[in-house]
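Paired with subunit B in one complex and with subunit C in the other, subunit A is shared by the two complexes that follow.
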Partner chain A sequence: MFTYYLQLGLRSLRRNPMLTALMVMAIGFGVSASMITYSVFRAVSGNPIPEKSSQLFVPQVDNWGPQQNEKGEPPGALDYIDAIALMRAHQASRQTLIYPVMLSSPQPGSSSTLVSTGGYAVMSDFFPMFNVPFLYGNAWTGSDDEKRAADIVLSEEFNQRMFGGANSVGKNITLSGHDYRVVGVAKHWDPSPRFYAVWSDSAFSDSPDFYVLLNRMLDLQIDTSGRNSCRGRLEFNGWNQWLQSDCVWMMPWVELDSSSEVARYRQFLEAYAADQQHAGRFAWSPNIRLRNVMGWLEEQKVVPPESRISLAVASGFFIICLVNTIGLLLAKFMRRAAEIGVRRALGATRHEIYAQYLVEAGAVGLAGGVLGLVLTAAGMSGVGLLFEPEIAKLAHLDVSLIGLTLMVAILATIAAAFYPAWRAAQVQPAWQLKSN
Partner chain B sequence: MLKMTHLSKVYRTEVVETYALRDFNIDVKEGEFVAVTGPSGSGKTTFLTIAGLLETFTGGEYHLDGVEVSHLDDNARSRIRNEKIGFIFQAFNLIPDLNVFDNVEVPLRYRGMKAPERKQRIMDALERVGLASRAKHYPAELSGGQQQRVAIARALAGSPRLLLADEPTGNLDTQMARGVLELLEEIHREGATIVMVTHDPELAARAQRNVHIIDGQVVDLAEDPRFHTAYAAAAGQVRG
Partner chain C sequence: MQISPILAALRYHKAGVVLIAMQIALTLAIVCNAMFIIHQRLVRMDKPSGVEESGLLVVKNEWAGKPATGQIASLMAADLDTLRKMPGVANVYATNTYPLSNGGFANGIGHSPDKRNYVSVTAVYFSDENTLSTLGLKLVEGRNFNADEINGLGDNDKIAPAVIIVTRELARRLYPDGSALGKTAYISNEPSIIIGIVDRLQIPWVDNSMARWADCSTLLPFRNLVTITHYLIRTQPEEIEDVATRVRATLYATQRLRVIRPKDGVKTFAQVRAAAYKSDRGMAILMGVISVILVATTAAGIVGLASFWVGQRRKQIGVRRALGATRQDILGYFLTENLLICMAGVVLGGLLAIGLNLWLMKQFEMERIAPGYVLAGVAMLLLLGQCAVFAPAWRASHVPPVEATRSV
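Moving on, here comes the complex of A and B:
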């Protein structure tokens, strides 16, 4: 019967092209506005590492105290002293510190011209913790961390620029005047938002070119190219004084595989902060946090407020379009009350009439969805008018958004047709036939 | 085939109750051709819609083909309409968007019949009413008489045991009306039970049996004094 209902629906839609066009346009414009803003919202609010987001944690220790922290919250990163202390304690199955660095590299084809290239100083556990996929080679090892080796992992894109995409493992690359040995090339991997660098760097900036050994960067006294935050004294005499300051700039991550490990690590943080208090370094009670990936993104307010607002406004617009569609469907269906009476007299049940009109609404929804897809594709170019460029670039029409657009259009229209179709199914055949 | 006992139909509003049928009794045997006559507003069409399960009744009993129908739900009533009853309306009630073939197909679709059998039945029904060559025409392209023959084909396609006709010639001229009546008589001769509501005494006279309704009740013309005034006046209106 579905095919029969669909034939009847399409015939009915062709009979009133103006009414049909109005409904299709209402659905099309409504769904496209929602999908354009949703594509941005999805990119900024999704879980960037769903397979492990509940096992990866950011430890926070308050080294500023209640007078200087923000609303009782510990700072979003660690100073050098605490960061190194936590790593040395090694209380998690995997752990890493991260900070962004900016180095210079020769421009391909011209060894005399240098260009800036950005990456992250990380520890060996970074790669297995975050499931970084490799195209060639592997990550360096924990012993390489200890040896402070001059090892580097390139991104697929950087490897393409520097080595034409060939297997560069074992080759040397010179960055800011220092040689590094390529031990691996990571496959394209850039979780969005870039959760591991949310505090120190933009969550949506250009993807990194390389990952370099953190100890090596410290030895070379290469400072963070991202955010740092200090309280009190802001002038430092030399690198060592900077390292001993209360400025926070190192992003710690730990992997904890069970709730008992999480509880144990939290106890460890409490104990560490208490030790610092007893040692006189902290003049306040322990104030620590241990958030997983989604908790961390929430705390850092990664989703821009304009993304939520625009999604809410677009959804409201879609609802208004649907309300209008309800009215149009009601008018369209009830105009055919006489036909409904005849069908009921000839043996159609109320359910069959209901199904017939829901299928007809589904056809309207499909047409509205197709129009919505065209408008969504066109509207993607205008996302930059609403959002910052680095956010706007995240909006794109992929297979899942195409499917979602069509599904939302069809299901929303069918939902809008529940009442009009119900009214149609309630038509009393005797009244219709008598009135004729 | 069709038996109503002490049946009543009341339309209620907040201020008034109107009896469309009151203590209504009728028994139509299988294979009968019964004409139901009566003045306007006497309850003829209400009787027909209740007989066709298009409307529920307020009290009494109604047995259709041996089944008491008052407790049937919408699905069961729809199935009985689809399988046992054929309707012919004064206004034809063809669906204007569908061509002749598709109009005749409607009841068969709801029966869940396979396409080849549907096609065979539709073409047989159209052959029978002499409109096989017009299968692809739309109702607006046909005369009134042809439209009513399509409606009859639609009613016949499902091989119903009971044919309910409401003023089947009311919208037709004399010649077309005669053709439609001859078709109904032929269908009756082949064994169908027909109940026909009509204002036309001449048409009623062609049926096997006449049932007269006045004020929502079946009356015996010979004994009911109302007949001599009401029915004579109605007949006079029709003739006039």
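Moving on, here comes the complex of A and C:
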């Protein structure tokens, strides 16, 4: 019966090619606009670490006070004093500080030309906390952190460039004139958005080349290459005064495995801020936050506003296309009232009429979906027009998007056909036959 | 034209009427907001930077191996000398940042050393005596920096300029009641004398969140002796491409221990501007494309439904014609019918447009939509409806009276 209805449907679609083309185009444009914008939205709003996103937290302490903070919110990173104090207190099962660094490395093959290379200064817990996979070797240990060793973990890609992909564990690498010992090579790992560094860096920039021991970077007085946010006037002089200033630049992360640990850590932060107030460093009562990964990404507004606006507008556009389709289907079906009357008189039930027209609509939806797919593929190249290249490259047509495009097109068209098909099924055979 | 028979007839096509009205309403809501977004983005992109942009080149240089401050000073002096001697180069200076670069830092500036008490936020541009002529800034009051006022500034060194040059907008905020020239302002915890006022100089950022102080910039007489430096190079406009292709090799020839990225180490200011406003431009194009397709879809939908109605009513039209209605009467009937439906649509759509705008304001810190946009959208959609319905109505008016006697 289904194939028979499909044949009927296709024949009827051929009968008014203009009307059919209009419907297919409306569905095609509507679904492709939604899918292109959705593919970007999906890429920027996803959960970068689904297995642990509710156990990883960013502690925030307001060291700027109500007059200078961002509308009551504490800054998104810590100054050196607070960062080091939180690490010393060690109130979480795992914890790390992070800041981005930019070093220069010799270009492979030509020792005289230098290229700049970006990475993160991190602590040993960084690797187990974020489930960084290793290709060779391992992370350094907590005692290496204490010893302020010159240890480094390379990314797979950087290891490929520098050592031709060989196991480089134990070898030395010179960056900006200092030697580092390679202790591990991380397998390709680049969560998107890069949740652990969104405050400082673009959440979608190129993946880091290395992870280097943070205390060593501090000893070498290597500055953050990312954001450094200070309040008030420039009153510090030199590295040490900068460390003691209210400039925030260190991104802290803690792992808290249960809700009781979270509550306990929150209390600890409160108590810490209260201590600072009593000591006279803060002239305000404790203002702290403890957000998990998804809460943090939302607070940091990682999804670019362009992505939300364009998704909203494209969805509105799709709805209009569907309303349009409802109207056109209604016109199309009701034009065949006489034909329906004959079929009903010959014994077709309302259900059969209903099914027949839904199948016909489904065929329109499929055609619209195929057109939508072509337009989506073409439109992907236009994504670069609206978004930064690092975001644009995240949007691509994969199997799930192809399936989703077709499914949305067909289901939406069938949903749009419910009312026109119902009207068609309500046709009174007697009236139609009489007027003939 | 009598309206009551049209309204009476519409009652038999409730679904079609509702669908067209809804489509008109939604289209109006989206199109006026899209037009408003396009307008806003174009206004943003039109903002003058104050810089004479053609013929300006930016080179981002990173020193390798973290040289000491003194070393950087001599390396930088050598670079500036090399660049100035390049054929086609008119002037050059070294700085931490430049307008539209989307990097750099900002600071409070005010009348007291108390840092919580500032008049405005200002972008900090490190400059020397060549900055004004290199950027092509217009000095409206006072004087330029002298060469002997320019000091070196190491990493994290204390910034306390004796003299500064500010923009006219910043001067107005600091001293609303008179000239700021020769007066003092606190950008650090020590006073600085305002020796010059430039007409205009945009801050490095184009974000909406900083729009309130987008024209508040301060030039400080420092050479920033840190690893990353931007050289701004004024060339003869016709020679900019030539200088751009040679500059990297020229600098590497004098000193190899540096990084000038092949990808984006050398940029013309036109490229800087395009990058800064990329998403604005893209957004305007996207909204434009969506609006055009949307209007076309809506028009097509009206044509489709109106044709269906005409086809359905051929017999009635024939009867009316036979009873003496002229072609104009029939044409007028369908045009009026469409106008009535569209008017219902635009009333609803106007409300939806304002609702959508309120939502956008809340979500994306957009401004309130100007009523002109909604009114223009209303006029456009009413006209669109009339145009779309014209062809089917024309066909209806040509239905012959004899149609009344036919049975189908």
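Keep this in mind: the second predicted complex is superposed on the first by the 424 of 436 C-alpha atoms of A that agree within 3 Å, B and C clash if a C-alpha of one lies under 4 Å from a C-alpha of the other, contacts with A are read in each partner's own complex, and residues count from 1 in each chain.
Here is the rule we use: contacts are C-beta pairs under 8 Å (C-beta built on N, C-alpha and C of every residue); 3 or more make two chains touch, one makes a residue touch a chain.
It should be emphasised that the depicted structure is a prediction, and the values quoted were computed from it without experimental measurement.
Trainee: Per the contact definition in the header, classify A:161: touching subunit B only (first), subunit C only (second), both, or neither.
Mentor: Neither subunit B nor subunit C is touched by A:161.
Trainee: Does the superposition put A:291 against subunit B (first), subunit C (second), both, or neither?
Mentor: A:291: touches no partner chain.
Trainee: Per the contact definition in the header, classify A:323: touching subunit B only (first), subunit C only (second), both, or neither.
Mentor: In the superposition, A:323 contacts subunit C only.
Trainee: Which partner does A:351 contact after superposing on A: first (subunit B), second (subunit C), both, neither?
Mentor: The answer is first: A:351 touches subunit B but not subunit C.
Trainee: In the overlay, answer first, second, both or neither for which of subunit B and subunit C A:52 touches.
Mentor: neither
Trainee: Would you sort A:266 into first (subunit B), second (subunit C), both or neither based on which partner it touches?
Mentor: After superposition on chain A, A:266 lies in contact with neither partner.
Trainee: Of the two partners subunit B and subunit C, indicate the one touching more residues belonging to subunit A.
Mentor: C
Trainee: Which subunit A residues come up in both lists, the one for subunit B and the one for subunit C?
Mentor: Touching subunit B in the first complex and subunit C in the second, residues 436 of subunit A appear in both lists.
Trainee: Of all residues in subunit A, which touch subunit B in the complex?
Mentor: The touching residues are 1, 4, 11-12, 15, 338-339, 341-352, 428-430, 433-434, 436.
Trainee: Please output the residues of subunit C touching subunit A within their complex, sorted ascending.
Mentor: Touch residues, subunit C against subunit A: 15-16, 19-20, 22-23, 26-27, 29-30, 33-34, 37, 62, 64-66, 105, 107-108, 113, 115-116, 118, 154-160, 186-189, 256-259, 261, 278-279, 281-283, 285-287, 290, 293-294, 297-298, 300-301, 304-305, 307-308, 311-312, 356, 360, 363-364, 407-408.
Trainee: If we count contacts the way the header does, which residues on subunit B are in touch with subunit A in the complex?
Mentor: Contact set of subunit B toward subunit A: 45, 49, 52, 54-55, 74-75, 78-79, 81-83, 87, 89-91, 93-95, 97, 106-107, 109-112, 154, 158, 166.
Trainee: Within their complex, state which residues of subunit A touch subunit C.
Mentor: 19, 22, 25-26, 29-30, 33, 67-68, 102, 104, 112-116, 176-177, 222-223, 228, 231-239, 241-242, 304-306, 308-310, 313-314, 316-317, 319-321, 323-324, 326-328, 330-332, 334-335, 385-388, 419, 423, 435-436
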